[in-house]
Structures are given as C-alpha cells and as structure tokens.
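These are the structures in question, set out in turn.
Below, chain A partners chain B and then partners chain C, in two separate complexes.
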Partner chain A sequence: MSNNAPAFSLPGSMWKTIFVFSILGLLVFIVGLFLAPERIWPNFLINEFFLLNLGLGAVFFLAVLYVSNAGWAAAFRRVPEAVTSVLPVAGVGAVILIFGIHTLYEWSHETTVMMDPILRGKSAWLNEPFFIVRLALYFALWIFFARIMMKQSLRQDEDGKLEHTFKNVRNSAIFLIVGTITFVLASIDMIMSLQPHWYSTVFSLITLSGMITSSLAAIIILMVILRASGLKKIITREHLHTMSNLLLSFSVFWVYMWVSQHMLIWYSNIPEETSYYIFRHFGGWGSLSFLNVVLNWLVPFLALLPRVSKRSDKILLQVSIVVLVGHWLDLYIMVMPPLMGNEPTLGVWEIGTFIGMLALFFGVVLRKLQSIPLVPVNDPYLVESLPEEEHAVALK
Partner chain B sequence: MKEVKAIIASFETPGELLHAAEKVRDEGYTRFDCHSPFPIHGMDDAMGLKRSPLGFIVGGMAVLGAAVGLGLQGWVTTVEYPLILSGKALWSWQAYIIITFALFVLFGAFGAVFGMFVLNRIPRWHHPVFYSDRFASVTDDGFFISIEPGDPKFDAENTAAFLTAIGGKDVETIEGDA
Partner chain C sequence: MNDQDNQSPIAVVAAEHPHGGDNPLIKEGHTFRSVTEKVCGIIEKKPPSMWWVLFGFASSGTLILLGSLGWLVWEGTGVWGLNNPVGWGWAIVNFVFWVGIGHAGTLISAILFLLRQRWRTSINRFAEAMTIVAVICAGIFPGFHVGRFWVAYYLAPVPNQMGVWPNFRSPLLWDVFAVGTYFTVSLLFWYVGMVPDLATLRDRAKTKIRRLVFGFLSLGWRGGNRQWQHYELGYLLLAGLATPLVLSVHSVVSTDFATSLLPGWHTTIFPPYFVAGAIFSGFGMVLTLTLIARKVYGLENIITIDHLEKMNKIILVTGSMVGYAYIMEFFISWYSGNLYEVFTFVNRAFGNYAWAYWIMMACNVITPQFFWFKKVRRSVPIMFVLSIFVNIGMWFERFVITVTSLSRDFLPSSWDYYAPTLWDVLTFVGSFGLFFTLFLLFLRFLPAIAMSEVKGVLPQADPHYHEEDFGSEKAVGEGVPS
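Our next item is the complex of A and B:
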C-alpha cells in the first residue's frame, strides 16, 4: 500500500449533523412505539427494507462488475464496497422487525388464519417461526457474501496477488444466483405478504429494479461527496457519466416492470388480482401512485437524457435525491394501504424515520470510507479505470 | 481532363496523426479527414469536430413514433370504430402502452440508422482516396490525413507543402477525371 494514496475525511460539523439526525430518527421510532405503534411499525418496515436495498444493491453492482470483468469502475470500487457495510445494520433492523410481526402481518394471527381458508392454505410458508428462520437465513447469506468480497478486495491491497480478483469473480457468480433468489423471496416475505391473499409474479422484479436504482443513486451521491472533498482526479467525470447511464437504464427498467404488473392486472381484471390496485388507484393513493412514476421514471429519464446532465455533479446529485425519495414513496405505496386504510397520511412518523434512516446510512458508509484505503491500489483493472495522468497511483 | 480530387499524407503513429490533425485544424481547414485502423482518443477535439446531431434526430423520431402509436390507437378506438371491450373505457391508455413503446423504439432505431446514413452521406460507392495504392494500409497500420478541394483554404501546391511541413510523409496528390 502506498503512503500517498488519497484519503477522505468529512468535516466534524457534517458528522454532528449526521449524528443528530440519526438520533432524531431513533427517538421518533422509540416515541412512536408508545404513541402510535400501528403507524410506526409500517414505517420501520419501509426504512428497514430501504436500508437493506441500498446495501444489497451495492453487492449486486459489485458482483456484476466482477463477473463481467469490468475495468471502468475499479477506481471507485471502494464506494459500493463501503455501501455494503450497512447490511449488518439492516440485519439488526431485521431483529427489531420481529417484534413488529403481529402489528404488520395479518397471517401472524392464528385466529385469523383459522377463519380464512386461503391463509390456512398458505400457512406452511407464512407462519411466524419459519418467517424468522428465513429472515435470519437471508441476512446471514447477504452479510456473508458482502464480507468475503470486501475481504478479498482489501487483501489484494496488501499482497497484490491476482488470485483475489479470481476468487471474487467466483464469489460474485455464486452470489448473483443466491442473492437474486433470496432477495425475491425476501420481498415476497417482507412486503408482498402484507396482503397475503394477493400475489403477483412480477412483484419481486419491481422491488429488485427499485433496489438497484436506489442503490446506484446512493453510490452516485457518495461519489459526488468524494469528488467535492478533493478526489476529482480519481473519481472522474467519465465514471459519473457511466454511473448515470446505469441509473437511467435501471430507472427505465423499473417503470417497465411497474407497467408490466399494472397493465396485466388491469387487462385481465380478475378480482383477486385487482384488489391490490383498487386501493392504490383512487383518492390520495391514486395521486401518489402517479407521483411515484414521475419521481422514479419521468424525472430521471428526462433529466438524464442530455449528455450535459450526466457529467454535472450538481444535476446528478439532485436527480439521485429525487430517485431516493421516489424509492421511499414506492415502498410507502406498497406497504401502507393495507395497514393504514383509505387515505395516505404523512407526518412526523414518516418523515422522521426516513431522515433518520438516511442519516444512519450515510453515517455508517462515510465512516467506513474513512477507515479503508480509498483506491484499490493493486487491482489489475485500476490502470484501465484511471485517466492517463493518474496512472502513477496504480503503478506505485 | 484531370483534376485534383484529394491530397493525402501519411503519418507513422496515432500520436503523430493526432497532433497533425490539431495543426490542420488550427491552420483553418474544415473539409479534411483523418484515417486510422482504430479509433483514437481525443480525435474529435483535435479535428475540431462538433458533436453529432444524431441524438436529436433519434430523440425527435422516437417522440414522433410514440405520438403516432398513441394517436392511431386512440383515434381508432374512440373516433373511427368505437367498441366497448370487456367493459373498459373507450380511451384505455393502459392498453396502448405496448404499441406506443414499440413504435417509440422502432422510430428511434430508424432515426439512428438512416440518420447515420444521411449524416455520413451513405451510400457512396467510391472515394478518390482509394485511387492511392498506399491508402490500403489504413486498415492495417497506416495513419492518413486527407484534404479535399471542397475546402475553402485548399490550394493544390500550398496544401501539399503544408502537409509536408507538419510532418506528413509521402504526400500524394490524387487526380481523377473531371
């Protein structure tokens, strides 16, 4: 490892802000547990799922880079690697979530299940002990893969051996299969089972594309922060450009999946399927569903089409924030209607927990970025990823 | 009657070609071209090329395609042949999305391919530079600059001398039938 490798540190005032907001979020959650438990648990679920999306999406991003032998992103690979470090935090969140099962999930009440033939039929999968076992399994696998990939990458910094890259290619290939299956099941378990009568085969693809989109947006925000703190030569405009191309295409993929589910259910018009959209297409929920498509697709699509905006830190930062808020709204519309009834509510419980979760996310990730070397100096692809005048960093 | 069709000069390396292109650009030539076996980074700037308008052609065509798709379906189902299908409204935009999207992509792709043809003046069966025997090496290891008489600054003697002055080897004036 070279001593003059670029490092990153955040000013103390920023740390204070992040700390204050995460404590505020925690306080809102604790107070909410006593004052409005039926409203705080859905919000906790949204933010827990959001946090897990950000972390797991980064593992997917890394895995795709490895299996496709992508060289372009090596220079800033530590950013998605740091993002994966929120997965253990989301794991703690999953433990807390267990205490909210009865408030959230209809299928967790034995008397309800006994009276309901459909739920009785599904009870082999949807029951409390198995749910907890599955959650534990998902998080154990995700954290395991995130850890071993990070470990190989950091080891390469020290000994410079090529085998770490090969090992990570293999880890990534396995993860892409294991991770996809577990995430599909996790979104069915955590989100879709809120309406246990209803099912959709595209549902997990909506959450999957939403996960990748929001995770890319978070990585772009972190890249912009790093650039602003003086790493413009390592994290270049070309990197931002490619990342925003990815963000644009995954935002389009998200709306493609969204339309696939919406249109097919609208077309066949079967009561057991339309029950999902009946709730979400009228009144306040209808406006929010419209806003959801605008924030998650229309805004990023129109804003990121011109080349100029893909190369501008400022515009990318704004679009990424819009996408993060849009992803929250997407989850809000998925989670809230069956629990909160006919009209959406937005108050301190919603905003407080969301801001707290974001502060927690950036706190954990930025701390990680301070503690690890920012450039994988021995990565075989680093030269390919850096502009010519920065090659010295890679050749040290 | 013969007339000058182009003047070509060869260069040894991609780097030489790049810097020669900068000098040709700075000299004020606008109708010249660089030929190499592979793309060279920074060549667009060195030649003083503007960004291609192809993106706007593709975008315009795509929007046109979406408008045609949506408009045609909407017009048929609400005005020309209104028919209630499975109890849904006449104007059922959800059902139109697939074809609207497909025509959006199709028109955009047409715009990209045929717009590229127009901008590159394709099809064109022959070009004067092919009269040069040495020019064939451009697909292997040759780097060339060609300047054509259409350029306002073109002058058969001065241009040839200029190309030699900036380091061009084997400067060749290509003549063909008028």
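Our next item is the complex of A and C:
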C-alpha cells in the first residue's frame, strides 16, 4: 500500500549549513587532538554522551508510548523513531572514545590503581578490557532495540497488520528493563567513574532524567521544524501541548533527582561524598551549578506553566533550546571539574564540538525523516492521534 | 477510498473501539440512574451482614489499640521493645508503613487526573478515603513515641512559656509539616470532590437528619452551570497542588533516615526510592480493599476487571522501581569501597535479620513480577493474594531499613538484637483495627464511588449520544442526571 502522507524535505541551503557545522565540529576535534588533548577528550565525552542521550531518550519515549497503549502520539511517532537513528553514530563515537580512556579515566592507569587501595577494590569493575566490553554490549543492545522497533513500525506501513503493534509492545517492555539497567550502568561507567572514589546511588537517575528531558526537547524542536515546513495538519497543536507537558514534568523530575543528591550530601557532610561538590560549589563552578538549575528547571518550569506557551511554536522552540544548552551544561559540570581543575573555561574546544555534535544530530535525523514515510498510516492508534479530517487526508 | 483501505487496521479498530482499543470503562447496562441507585443504595439500605462482621472485628481492633496506647501512656515507652542501639523500632516502621499506604489515594485522584486517565473515576473516592485514614493511623505512632503525647503540639512552631522552639533543621520537623500539609490537602481534595455526590444524597434523603447532615455538607450545591465551572477549576487547582505533595511527603519521610550518617540510611537514592515504594504499597492496599468492597457490595460493573488490571500494571512498575533501588544500593555499597557500607548490606542479607530481608525481597521484588502475565493481572483471587504479599513486603522493607542499620552500629560492643514486645504487636494490630473501622464507617455513610465522575465516563455523557433519538421519551428520561 502506498503511503500518501505528505513528505518532508529541507531546503538545500539548510543542508549546507548543517554540513558545514558538522565538518567544523569534526575539524575542531581533530585539531584539538594535537593541540589540546586533555581538553578535547572531556569535550568529546560530553558530546558523545549527549548524542547517546538524545537517541536513547527517544527509544525510551517510544517504549513508554507502546507499553502504555498511548494513542495521542501516533501521528508524529516517526520523529522520535528518526531520532533513534543517531544511536549507531553514537556507537561509532564510543569506538573513538576507547582511544581517550587513558586521558579521561584515572582508574585506567595501572600504576595509580596499584597505589590506591580503594581503586584496587573496584578494579574488578573498573578496568580497561571490561569497560570496553561493557560499552560494546550497551551500544549493541540499544541499537538492536531501536532497530527492531523501527522495523516493526515501518513494516506496518506496508502490510497494515496489527501484530506489529503487539510485537512492539513486547519489545518495548523488554527494552524498558534492559535499557534502564544498561543506561544506568553506562552512566556510572562513562561519567561517575571520572571521579572514581566518589559514589552516589541516585546519580544514574539524574542522568536518566536529563536524558529524557533533553531528548524530549530535541523531539519538540524537530516537531516545530516540521510544522514550519507545512506539516501543521499532521503535527498539531495538541501534540505540542502534550509534549510540553511531558517536558515540564521531566524537567521537574530532573531537579527532584538533583536536589535529592545535592541536599543529602550537603546535609550529611561526609568527606567521601562532599568531594564531588567541593569541586563544583565554589568560584566559577558554583555560578555554573546555579545556572544549571536555572536552565534545566526554572526556565522550563516558569515558561511552560501557562497554557498559552505550551501551544506556541515559538516559545516551545526557545524553551527547548534552553533545555538543550542546559543539558550540555549539566554534563559539562559533571565531566570537567576533576579533569580541568579549579575554574571553568569556555573556548573553541567546548563550543566547536558542541555545535558540531548538534549539527551532526540534526543532519542525521532530518535525513532519516526525508527517507521514511512521515506518518505511520496503518497505526491502529492514528485515529486517536489525529482529528478525522486530517486522518483522512493522510490516508487519502 | 478503495477496498484495501477499508481493511486497514485503523478502520477495524476505529469501528470496534471508539477509544482506540480500550474496553468501555463502565460495563454495559449502567445508566445515570442505575449508577446513582447502586452507589446511594450502599448508604441508604441496611448494610449487608458481612459489613457487621467486618465492623465487629475492626472495632475490636480499635479497642486493642486504645488499650495498648493507654498502657503505653500509663507505664511509659519502656513497654516497647526498644533498646540501646535500636532507639527506633516498630513505631517508626509503622509510621512509614502507614504514610506509604496513604500515597495511592492522592496519586490516583491528583496525578491520574492531571494525566487525564479517566479510569480513575471508579476507584478514586475510596482510594482517597483510604489515604486519609492511613495518614491518621500513621500519625498515632510518632505522636505517642514522643513519650508525653499531650505536649505533642510542641512539634508545631507555637510559642510556649519554656521558650522551646522546634528545630527547623531536623527532618523530623519537616515530617510534621509534610505530613500535615499532605493530610490537609488530601482531606480538602476528597471533600471537594464529594460535594456533588453529597448533594445527590441530600436530594434523595428520606429522613430529617440525613437531609440536614448532607444538606450542610453539600454546601448548597445545586448543580448549576456556574457551580460546575467553579468546581472543575477548583478541583484542577487542588490536583495541581496535591501532585507535588504526593512526591514530597515520602521524600521528606526518607530524609528522616537519609540525612543521618548511618550506613544503610544515608544514601542519595532514598527520596525517589521511598516514593516508588509508597505508591507500590499504597496500590497494594487499595487493591486489597477494592477487592473486598467490590465483592461485598457487588460493584463488579463499576470497578471492572480492566480497572484492576491497570492497577496491577502500576504495581508492576513501582514494584520494579523498588527492586531497582534495592539492587542499586547493594551494587553501590560494593562499588563505594567503603567498609561500613559493604558490611551493612552484607549484614542485611546474611546477618541476624536475614529472614526479614528475604521476606522483603521475595514479597517486593518477586511478587510484582507475576503481573507481567495478563492472566495474573486479570485473575481476582491471584491478585488478592499478591496484594497481601505486597502489604507484608513493604512493612518488612521499613523494618529491614530501620532495624538492621541500628542494631549493628559503629561500636561492636553496643550491638544488640531488637525484638518487639507484646505491646508493640498489639499497637500495630490495633492500628489495623482503627484503619478498617474508619474505612468501614466511610463505606457506610459516604458515597464510596464518585457518582458524578463515573457518570461523566458513561457513553450517555457523550454530547452526541442522544442525537439519533433527540426529543424522544428515552432521551429525556436518561439524559438528565438524577
């Protein structure tokens, strides 16, 4: 069955911009490897983790939609589906990351570990070969689930069978378990182990909530782009409204996790734990930590409370951009202090790699959106997601 | 449109299920009138003999509670089994247990309302009642544990002649505020939601006392358009206020433990972990009560198997979150490389209280996993048994957290084994008596199902429902809510 849903195409000039920025990002990374490797690797880690967050967050979003039999998002489900296509790119990033292990992770130096009883105790988990094996396993599982869910969804376009939905419900349920466990461990491995003496049980939930918030923000930006290119009948204001409710909720969830960790460590004042915030509480880092909460929580919270802003493309776009920048800052504060010392620095290495990563993300996702049918026309829930007339238009 | 398109699943699903594949929320055959008759009938008719049997048991339990508290006050807190390292025993365990139970009601009524989950309508009223009753039960324990309960008002920041002020840095004081706020808002929310139903009862009242009491409680409700507009806005605002409270109460309760320096208590995951556990236990208890009330009053068509299945899914999700927290704590205790952390968790699993730990693990981690299977989610006897296990497991969770960490503190010379006395046990059993007494009184005297909301999800509430026979006798008869 042919899909008569409207297609999407980006003007050539936009492609050029995206291409130029991705290449610039790549150049910054390559030049950085020679000129400032100690600074470029942490930046690479931030952007690698960010890219992985955007892709994996979309898989979580899809999985939750499937297991909760949510119908409202069916019409624009191809957007999060396209976002998951950055996971293989992040997988390539993970391979590159292996070359930066020694610059990034203190526990990867055998001589340091030998002299440090605590690191010796952890060496069963934190050692180079096992780290690489785990990293490979995480990415393999994530890419696998993203692909099979996408495949079922696209097949339904072809044959219109309901079983694809049922299969995806099952895949999603399994993914929610597997995906949570692997992401939680990946956060510990990739980010928390940068300060290998420090530990916090809620840390992975901060990264998890940050992942979903930033991924939702990216999906909203893509929805606004698609709406601007003439798809307002497919991606409606109602969809934006619900998405911004989700963004609001998850940004509150993020700050809840952030406060849980911060308040309890501050209150108990145990040296092993305060070692984390000692770095991040004073001077420039202190101001950035404050800004972090403003960007990730206060701005979306205040901006998205009124109903008007949840239904406005412009405000949503602005808030989503703030959240994406906020998420970068969140990761920057997690990654940089133990590696880069007392004061934060912002230069071409930070900005160049971040912009490059974003350009790469939008390039990959928009290309994917051009190549797949934009509406899952045979989805049983489409009728719930679109008012009747538009539904008919999509089907023709 | 060609034939092939007609065969598309959208057309099929749309034709069979206008709500995208969901079954109707209320089983067929119910009209506005029959809902009113069914729910008001519970209050207006004589209670079934089963009610008296249950009430007999429950009120005896309440007497046990009063007796054991009386003895506690007369003799002092020494009648409880507390000893030197374990200064917090069953009192705090029971407090957290009951507060946790009190979470489901407001989650169902506020959060599910904001999420537009219309299935909440059949169960929200008595889940909310359960919340209020559970919080009352919870308040008893810290209230009496202070020793001189007649000066418990010192907990509030009131000026007094001794110049004693509450310590605002203490999480125990935050608890007073958190639980107090939660109770107040839950009570308001419950009452506001009940006003239209109370007016229905007033209008149907046959005795003077009923007319007076329900008339007073229904605040002059006439069901006019403007009243409904104000009511719905007020309800929405209260839902918005209650939603953060669902999360904050148990977060604050968790800080009673987590702000300390004690391994096993001080861990950053405690706030979300306690909230998940509270919702888990709350749903366990709502399920237990729902299944009993549904059977006793024959409410199977209003609280359908679909409602129960959805509740079981929430139990599965929150139970898995709790399981995640257990495993995460264990993993990080090893990862921390901290001797005391490692000892605490190994001691939990294999020390003196290993029996309690494994009861907790079995009930909270394994039990909910059965709900992966649709057959289990839709089988009333199985879910009843599982819900009891959830209740047991969540009590043991609080016991394990409180007692294992305290009984093995930093000085091995002060280690001791804690065991409750008869009075601990009687007080706890008695609190169940109070819980069921108040809940049964609620079932007897107040509308247990939110009639006005249930009517809103009936097919007749669709503005287009009567289009075909508009003006006919049927439309007039059914369209007007009684």
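In the analysis below, the second predicted complex is superposed on the first by the 389 of 396 C-alpha atoms of A that agree within 3 Å, B and C clash if a C-alpha of one lies under 4 Å from a C-alpha of the other, contacts with A are read in each partner's own complex, and residues count from 1 in each chain.
In this text, a residue touches a chain if its C-beta (ideal position, glycine included) is under 8 Å from a C-beta of that chain, and two chains touch if they have at least 3 such contacts.
Here the structure is a predicted model, which is why all the values come from computation and not from measurement.
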item: Combined model on chain A: chain C and chain B, fit or clash; value: clash
item: A:Ser13 touches, of chain B and chain C: first, second, both or neither?; value: neither
item: Chain A residues touched by each partner, larger count belonging to chain B or chain C; value: C
item: Touching partner for A:Thr180 - first (chain B), second (chain C), both, neither; value: second
item: Partner chain in contact with A:Ile118 - chain B first, chain C second, else both or neither; value: second
item: Touched partner set for A:Met257, first chain B, second chain C, both or neither; value: second
item: Touching partner for A:Ser371 - first (chain B), second (chain C), both, neither; value: neither
item: Partner chain in contact with A:Gly71 - chain B first, chain C second, else both or neither; value: second
item: Chain B versus chain C as contact partner of A:Leu382, first or second or both or neither; value: second
item: Common interface residues of chain A - those touching chain B in one complex and chain C in the other; value: 263, 267
item: Residue numbers on chain A that touch chain B, as the complex places them; value: 259, 262-263, 266-267, 269, 305, 307
item: Residues on chain B engaged by chain A in the complex (per definition of touch); value: 51, 55, 59, 86-88, 94-95, 97-98
item: Touch list for chain A against partner chain C, complex; value: 1, 69, 71, 117-119, 121-122, 125, 160-162, 173, 177, 180, 184, 188, 197, 199-205, 256-257, 260-261, 263-265, 267-268, 270, 272, 377-384, 391, 395
item: Parts of chain C lying in touch with chain A, wherever the complex brings them together; value: 1, 4-5, 7-10, 12-14, 19-22, 247, 251, 255, 258-261, 266-272, 320, 324-325, 328-329, 332, 335-338, 372
